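Given below, in the form of structure tokens, are the structures.
Two complexes are shown next, each including chain A; its partner changes from chain B in the first to chain C in the second.
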Partner chain A sequence: MKVTFPHMGNAHIPIKALLKGLKLDVIPPPPISKKTMELGVKYSPEFACLPLKVNMGNFIEAIEAGADTIVMAGGWGPCRFGYYAQVERDILKNLNYDFRMVILEAPDSQVSELLKQIKALGENVGLWEAWKAIKFAWYKLNAVETLEKQFEYFLPRAINKDEVERIFDKGLENIDLANDRKEVNNFTRITLKKMQEQPCHNQPILRIGLVGEIYTILEPATNYNVARYMGRLNAEVTRSIYMSDWVNDHLLGGWIKKSRHGEIINCASPYLNYWVGGHGRETVGYTVDFARKQYDGVVQIGPLTCMPEIVAQSVLGKVSEREGIPCMTMYFDEHSGQTGIYTRLEAFIDMLQRQSYLQSSVRREEPIIAGI
Partner chain B sequence: MYYYLGVDIGSVSSNFVLMDQYGNIREKIYLRTLGNPVKAIKEGFTQIKSRQGGQLDIRGVGTTGSGRHLADVLLGADVVKNEITAHAVAASAIFPGVRTILEIGGQDSKIIILKNGIVQDFAMNTVCAAGTGSFLDQQAARLSIAIEDFGDYAIRSRQGIRIAGRCGVFAESDMIHKQQMGYPTEDIIMGLCEALVRNYLNNVAKGKKIEEPIVFQGGVAANAGIKKAFEKVLNSQVQVPESYEVMGAIGSAMLAQEEREQSQAPGNYRGDDFILEGEFKSSSHECKGCPNLCEVVCIKRNQEILAYWGDRCKKWENSINRQDKLQVI
Partner chain C sequence: MKQVGIPHGLFYYYYYPLWKTFFTDLGANVISSSESNRLTLDQGIKLAVDETCLPIKVYFGHVQELCRQHLDYIFIPRLVSVEPKSYICPKFMGVPDMIRAAFDNLPPLIDITIDVSKSDRPLKQDIMRVGSLFTNNNNRIKQAYTHACQENRFCRLLAREGYTMAEAISLWEGQQVQNPTSGDLNIGVLGHGYSLYDRYISMNLIERLRKMGCNVFLPESLDTGCIEQQAATVPKRVFWTLGRKMVGSALYMDKRPDIDGLIYLACFGCGPDSLIGEIIENKVKNKSFMMLTIDEHSGEGGLVTRLEAFCDMLRRRRMRGEGNLPAYG
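Moving on, here comes the complex of A and B:
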């Protein structure tokens, strides 16, 4: 059995660790490229959202590389994603590919269900080994996120941004290769140290919250790397979604670490009081949360035609006005012209920089007047 | 006397502004880009030189528009800024206290909301170019009316007729239908102007609060019919600046001045000879480094490579810029 799975940002690192721990042959899809997009777009319904198209591209490329089993997440609720695994299976069957599909239904607070599903996948390991595999994957996931968060902090501050990017990419590569906890710790420490040693400038740093649909936020290939682009413009980007939070809240029922999920849902009130599917309510909640934490702005991203995000977007205008935080929404589809995206982002960052420049110059004058 | 050069390379037009140290506009040039920005930049610069005569002491250069990076490579810019900032800076210098800027250019349109001279909010058209200059151009050509006279036709109308403005294609078929029914051309054109304004307010402004003073700029501001339609729909006064068509270039000249007056470092301007005497060539090739197969563009002056771009991984882009960057540090 040669197992593959769809890409989602750096999630391939822990997923690979998990599947390897279950003593399975893993064939991850090649990194998402123009070819992946072309394949995906060619074989997907035109009105489906970008995640489905990228998944399709991933699966086709992985099957061609020799995979025979696809592990895909399921789901339920108003977001179309819940049905994607089935649609993808049918399309691939129609294309005459020979494979087996294992759909992991998100159990939402039923840990035993998930364990059972994973156990079903690992037919050649015992319960204890399955447990160990999960724990090691979780460990790698946390290491990856530590790097991601530090990267988000250092990229806007560093003078040589190319170098920081290179250190970060290399660090991820190493964590992917690590075989045990000790190696993971080692690589994490070395990478963090290298990032910290990079010389920093002392220009003002903007703080931007990135909210929206989970796949678009986590997978840079679908959002034209907006986070790095903003980082290069001296803006520190904080995402609303990190993989570990999602796993914790939705797969493990908030059981493994302290969750802010309830708090965020409360923030969404009174703007959006209902669960609208996907991460619509979280988008609104996090925007309010970022505003109250004095962030400079919020960028909402999602795939074109994403219903939950459209609902959230229609509420964000009011949030922006009442909470006093500038918001910008961007939708992504398979366009290749990046100029339009970067022009809008640059204009948004520029607007915030000029606003905060003005505020800081006002602030600087005050104590002088008080002194007189 | 020394000068600042503002350059706005758009999809349809390339604009140049020469501003002196006191902020007076000495020269403004509006050219069609005609699909060849390199030629347009050279041509614009040559015209400025020949009109002014003699040596120009250019202290700073600012570029904007979708071709801003190209213009930067050719001229050596001190400020490379997006159109939003450039337009906002220019408009608030000419109309202090402006609250809303409506800007419609060749292929894009934007709305900018300001408060105390600072941009508070903005939006750009995303997928639809129905309300922009290119579409008006096309319709004028179809009716064989010079685009310059298009607006005059519209304001001669006493009652615009209803044209569907949701989509450019449907607007066109609506216009043809009304024309075959025998409605006067003036009324059809006024109807089109009103339709485009509705389209703009629905697709770009999307419910943003439009407050006075309102400034209307960009190439389409030449069209008196659109201005009249805006005034009618918004029920407020709309002002069009004298240099409405080159506001982006004016803004970037101002930004260049601001930058140069604050900084101690020497300017980036590459000199007259660099642009006038060099032969610029661009070529592209497909990078085979990974499955992305990026189309990498290379800009050359004579034999010297000036810049690469178009690669996602920045392998090519950084190969040439690295030296400069490290020197700056």
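Moving on, here comes the complex of A and C:
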């Protein structure tokens, strides 16, 4: 059994560790490329949202690389994601690929449905080994996120941004290869040290919150790497969603670590008073939270036609007005011209920089209107 | 007498008799906005976010029309789920909040939450809360609600006779409706009620088909048991109420020998339809299937041409006894 799974940012590192720990052959899909997108777009329903198309590309490439089992998550609505696996399976079957799909989702009527799926994955190991695999995957996930957070902090501050990116990418690669906790610790420490040693400039740093749909936030290939791009423009980006928080809040009911989920949900009221599927309410809640923490701006991202994000976007205008925080919404589809996106980001950041300059104490006395 | 406004959009086509009876029985005067028209859409487009789907934009237009009248309340329900373990659509769950964020001159909202996905107790409590805006008599509220449900069931029975929901509502209100004329083609027409039965959104699709000599078969005229039975044949239960109904109806009509073809009307940007359309297209094997996608673009020519071509094709296929082989061999 050669197992594969869809990409979602750096999640492939812990997922790979988990599946390897379960003594399965893992064939991760090749990194998302132009070809992945093309394959996905070609075979997916035209109006499906971008994550489905990227998933399709991943699966086709992975099956062609030799995988025969796909592990996919599911759900019970109202977001479209819950039905992804079904549609993807039908399309792949129609393309005459031979594979098996293991769908991990809450059972509809009988718990045995889920147990059957889990058993299919855990056939090679005992309970103790499985537990160890889960713990090691969780450990790697936390290491990856430590690096990500530090990277988000140092990228806008460093003078040589290319070097910081290189150190970060190398660090991730090493964690991916690490075989035990000691190695993971070692690589994390070395990478952090290297990042800290990078010389920093002392220009003002903007703080921007990145909110929106989980897949678009976590997977840089679907958002043209907006987080890094903003970092390069001297803006420190804080994401609303980290993989570990999501696992903690949604899969484990918040018992591993302290969660701010409830607090964020309360922030969304009175703007959005009901759960709307996906991360719609979290988007609104985090925007309010960022505003109250004196962030300079918020960027909302999501795939085109994403239903929960459209609801959130509809109320963000009011949030922006009442809480006094500039918001910008960007939707992504398979359109591949990144210049337009970068121009919009630059304009947004210019505007924020100017605003923070006007509010700061170092402001010059004379008017800065050109030509007067 | 208190004035309650009901926008003429979204689930109006499924539940108007219920809502109207309920409020009238409680002594309120119900005012609904006029049928969708160009002005409704223009206003809706201005107020709603670009990315929302057409029916939501039209709904915004209806709310705007009602805002100009002197109302005590405007009724904008939050429809989460109308049956256990199924949902409508995330946008419906956020409609009252979207409306609140977009309008400044709103009369007080009655934003009852309709969520029976787990149990119907919260709904019952919410009905009492809404009822208490009009009367203190709990029994009267309960009676009004029971009566309202009866009226709604009666309206559904009318739809079983082959009327569209819009026509059934007109009949229920005591207006005259022309009997659908009979034609030579039998076509199943599927789509979400709020786009299919709204004559402006659907560009009068059903009337047009009838004029072209087609008998139109709608999901509401089919037997619910058969729909559910067919819907249960897909590997995973479809968790959107309307989506499941569409899948079931399509599969049921696919097996009925008297139906000649199927048309699915979808709105651009509709989340559930993007996947449901794919599933139906995949599973309908015996019938000609056409998917129409509409947005705020108002040119009717393209739609008419496609309908004509579809009907011509079905007729020709029948006349010449042509098989299902493609023209190229």
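The rule is short, and it goes like this: the second predicted complex is superposed on the first by the 345 of 372 C-alpha atoms of A that agree within 3 Å, B and C clash if a C-alpha of one lies under 4 Å from a C-alpha of the other, contacts with A are read in each partner's own complex, and residues count from 1 in each chain.
Assume a residue touches a chain if its C-beta (ideal position, glycine included) is under 8 Å from a C-beta of that chain, and two chains touch if they have at least 3 such contacts.
Here the structure is a predicted model, which is why all the values come from computation and not from measurement.
**Student:** Is chain A touched at more residues by chain B or by chain C?
**Tutor:** C
**Student:** Using the superposition on chain A described above, determine whether A:48 touches chain B (first), chain C (second), both, or neither.
**Tutor:** The second partner, chain C, only.
**Student:** Just checking: does A:80 make contact with chain B only, chain C only, both, or neither of them? Give me first, second, both or neither.
**Tutor:** So A:80 only meets chain C here.
**Student:** Is A:305 in contact with chain B, with chain C, with both, or with neither (first, second, both, neither)?
**Tutor:** second
**Student:** Touching A:162, do we find chain B (first), chain C (second), both, or neither?
**Tutor:** first
**Student:** Quick check for you: in the superposed arrangement, does A:278 touch first (chain B), second (chain C), both or neither?
**Tutor:** A:278 contacts chain C only, not chain B.
**Student:** So in the superposed three-chain picture, is A:326 touching just chain B, just chain C, both, or none of them (first/second/both/neither)?
**Tutor:** A:326: touches chain B, not chain C.
**Student:** So, A:313: does it touch chain B (first), chain C (second), both, or neither?
**Tutor:** A:313 contacts chain C only, not chain B.
**Student:** If we overlay the two complexes on their shared chain A, which of chain B and chain C does A:220 touch? Say first, second, both or neither.
**Tutor:** neither
**Student:** Return first, second, both or neither, reflecting whether A:344 touches chain B, chain C, both chains, or no partner chain.
**Tutor:** The first partner, chain B, only.
**Student:** Taking the stated contact definition, name every residue in chain A that is touched by chain B in one complex and by chain C in the other, in rising order.
**Tutor:** Common to the two interfaces on chain A: residues 317, 331.
**Student:** Mind listing the chain A positions that touch chain C in their complex?
**Tutor:** So the residues of chain A touching chain C come out as 45-49, 74, 76-80, 82-83, 86-87, 90-91, 94, 108, 271-278, 280, 304-308, 310-315, 317-318, 331.
**Student:** Please name which positions on chain C make contact with chain A in the complex.
**Tutor:** 48-49, 51-52, 78, 80, 85-91, 93-94, 96-98, 100-102, 113, 234-240, 268-275, 277-279, 282, 293
**Student:** Which residues, counting only chain B, touch chain A once they are in their complex?
**Tutor:** So the residues of chain B touching chain A come out as 66, 81-85, 116, 118-122, 124, 126, 207, 290-294, 314, 318, 322, 325, 329.
**Student:** List the residues on chain A that touch chain B in their complex, please.
**Tutor:** Touch list, chain A to chain B: 30-31, 33-36, 159-160, 162, 317, 326, 331, 339-340, 343-344, 346-348, 350-351, 354-355, 358.
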